[in-house]
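Residue numbering begins at 1 within each chain, and the chains themselves are lettered A, B and C in the order written.
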Amino acid sequence: MTDDWSEPVANPAERLAAEALIVDVDGFEGPLDLLLTLSRTQKVDLRRISVLQLAEQYLGFVTRARALRIELAADYLVMAAWLAFLKSRLLLPPEPGDDGPSAEELAAHLAFQLERLEAMREAAARLMARDQLGRDIFARGIPEDVTRNRIITYDASLIDLMRAYARIRTRDEFRPFVMDRDHVFTMEQALDRMRGLIGYAGDWADLTSFLPEGWDATPMRRRSSTAAHFAAILELAKQGQVVLRQGETFAPIQLRRRDGA
Amino acid sequence: MTGATERTLFEAPPMGEQERMVEAILFASADPVTVAELQSRMPHGCDPAEALAYLRKRYEGRGVHLVRVGDAYAFRTAADLGYLMQKESTEVRKLSRAAIETLAIVAYHQPVTRTEIEEIRGVAVSRGTIDQLLELDWIRLGRRRMTPGRPVTFVVTEHFLDHFGLESARDLPGLKELRAAGLLDNRPLPGSMQKPDDEDEANTGQSELFEDE
Amino acid sequence: MTGATERTLFEAPPMGEQERMVEAILFASADPVTVAELQSRMPHGCDPAEALAYLRKRYEGRGVHLVRVGDAYAFRTAADLGYLMQKESTEVRKLSRAAIETLAIVAYHQPVTRTEIEEIRGVAVSRGTIDQLLELDWIRLGRRRMTPGRPVTFVVTEHFLDHFGLESARDLPGLKELRAAGLLDNRPLPGSMQKPDDEDEANTGQSELFEDE
């Protein structure tokens, strides 16, 4: 896979030092990318890579970069710290009672990460090498667009129709924005009414007996019609058409047609 | 041209291969392609005219034809399959309130004039509403009223009865039934419902009705 | 159902005719057409899947091929004739290495979260990289992961398959080998979860690693 690292290297250490100086850190896409590049100098299958050697290579790289006052991003330093830790763990025998992951496991995981990244890079290269649409293979040049005929149909059900009709026919009773005057009897109405009725009032009669049918059912209607009729008879009295009397305060008001009127 | 001498070194590809080339070029090209252009794009020694003739034959009777457009060539879907290039989608919309109310008035009061509809609705009826109902074939023109101005009247159609599942406009439920069905508020009614007219306008000639339109 | 009786009233067109229909529809479209859409555009009782099989055979070895893209089908020029088509080639936007790698990771590991992509690449994935791939319509959002935070996942699109000439994501080159090698596994860092108990395997791997020193 990466064994064909073309240039022959006489002295790996020298070669590596030169490489580290040439390669700008920005040229790497993160510590893992740098590690993968470094691992290639080992000229072995990634499965057989020496993680210890790789850790040393990386730490050497970081040291030289610092000597050259190259600013290293934090993640490079984090990786350096982790590799330094891994290196010491790999070199020293495990402490008895240490129940964390073994150095070998950590090293194996790093090797796995490198192998996986390498595999993805190869997969990406293979993907991009495929025949691509618009470059190697082509779609229809004169697509005949499908004409989309949208037919709009209007629908209504019998219920809709009936509701609509019911709405129109009951509109007179349904006046949401008008003050409800159903329970209001106006003086004009009462006057009209009384003018028609006084002809029959030859004898004293209670005002309440003149109230229209249905207007004594609720207090509101009774009050409204009583007030309207009271005002109406006052008007008629003023015009000299009726005579009024009341025995005492709050006693029934009585009226009769004025004789000769 | 650097390729000129090189080209003569190679034999022209077999006709079957040339046919493939023409097929691919015509397929992918955004415009019809002339023989000259085919020639310029194919390897030296090719005979696009001959390849075109073979290809044309190959596509005879297929769903796609090789057609000549001016002095150029292109693939086109067979004319008899044009109907496959259409996609019909039906969108059902609810009638507007104005339309459904107008329709209801026509149904319950037919034959009814526009002025009468407006009186009943209490608002003007737009030309568009009437047109829509005419277009839907739910109302049509009835007899002219024998009143000054001889206004046209509207009546519902057979199609309307069909759509609403009615045998005749007389089957429309009355207000009492509407109330029983819970479609009306339970309030006293001002005056009784008007029965639909019994006038028979089935044979009304429509030609004369359009005269004043 | 009303359609059931209707269907039996009409015979489906003969298979040759159905083949023509599929041919015409696919030829006319630049984008792949699904079997369901073919079905909806063809007369009742047609079997587009069978017609497609015949048609595919018919175009084998031609300059234009019938290819499958996910659940859809399209005609595409034969790859070996790409050199004739320079005129049609569209300028392909140069993708960054990050974008190409991210695309490959999405394709091979899908559905994959952004964190997983970053784990594999060992570096943060920039918003722009994801946006570019989304814009190209090569990746799209998949289902949310049912893990804490419910992170979104990315998957490749049909358009991706179409672009790279893949019938399905299963046909990605080397997919089987990568899976067999365990390179598509999402292995956590040891110690971040439970300790692997297969010590023997770890030792073998490790001893091999030491040999090179």
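Quick note on the criterion: contacts are C-beta pairs under 8 Å (C-beta built on N, C-alpha and C of every residue); 3 or more make two chains touch, one makes a residue touch a chain.
On a predicted model such as this, the values are computed, not experimentally measured, just so you know.
Please indicate which chain is farthest from chain C, where distance is taken between mean Cα coordinates of the chains.
B
For the pairs A-B and A-C, output the one whose chains share more C-beta pairs in contact.
Ranking A-B and A-C by C-beta contacts puts A-C first.
With chain centres defined as C-alpha means, what is the inter-centre distance between chain B and chain C in Å?
38
If you average the CA atoms of chain A and of chain B, how far apart do the two points sit, in angstrom?
Each chain's C-alpha centroid was found; their separation is 37 Å.
Hey, how far is the Cα centre of chain A from the one of chain C, in Å?
So the centre of chain A lies 31 Å away from the centre of chain C.
Find every residue in chain B that makes contact with two or more other chains and list them.
Counting only residues that touch two or more other chains, chain B contributes 24, 27-30, 75, 77, 85, 87.
Multi-chain contacts in chain A: which residues touch at least two other chains?
138-141, 144-146
Inside the complex, what are the residues of chain A that reach chain C?
29-33, 35, 42, 44, 47-53, 75, 100-102, 104-109, 111-113, 115-117, 119-124, 126-128, 130-141, 143-146
What part of chain A is in contact with chain B in the complex they form?
Interface residues on the chain A side: 138-142, 144-174.
Would you mind writing out the residues of chain B in touch with chain C in their complex?
It comes out as residues 19-25, 27-30, 41-42, 61-64, 75, 77-78, 81, 84-85, 87.
What residues on chain C touch chain A, complex-wise?
Within the complex, chain C contacts chain A at residues 27-31, 41, 74-79, 82, 85, 88-90, 92, 95, 97-98, 100-101, 103-105, 107-108, 120-124, 162-166, 172-174, 178, 181-183, 187, 189-191, 195-196, 202-203, 205-206, 208-213.
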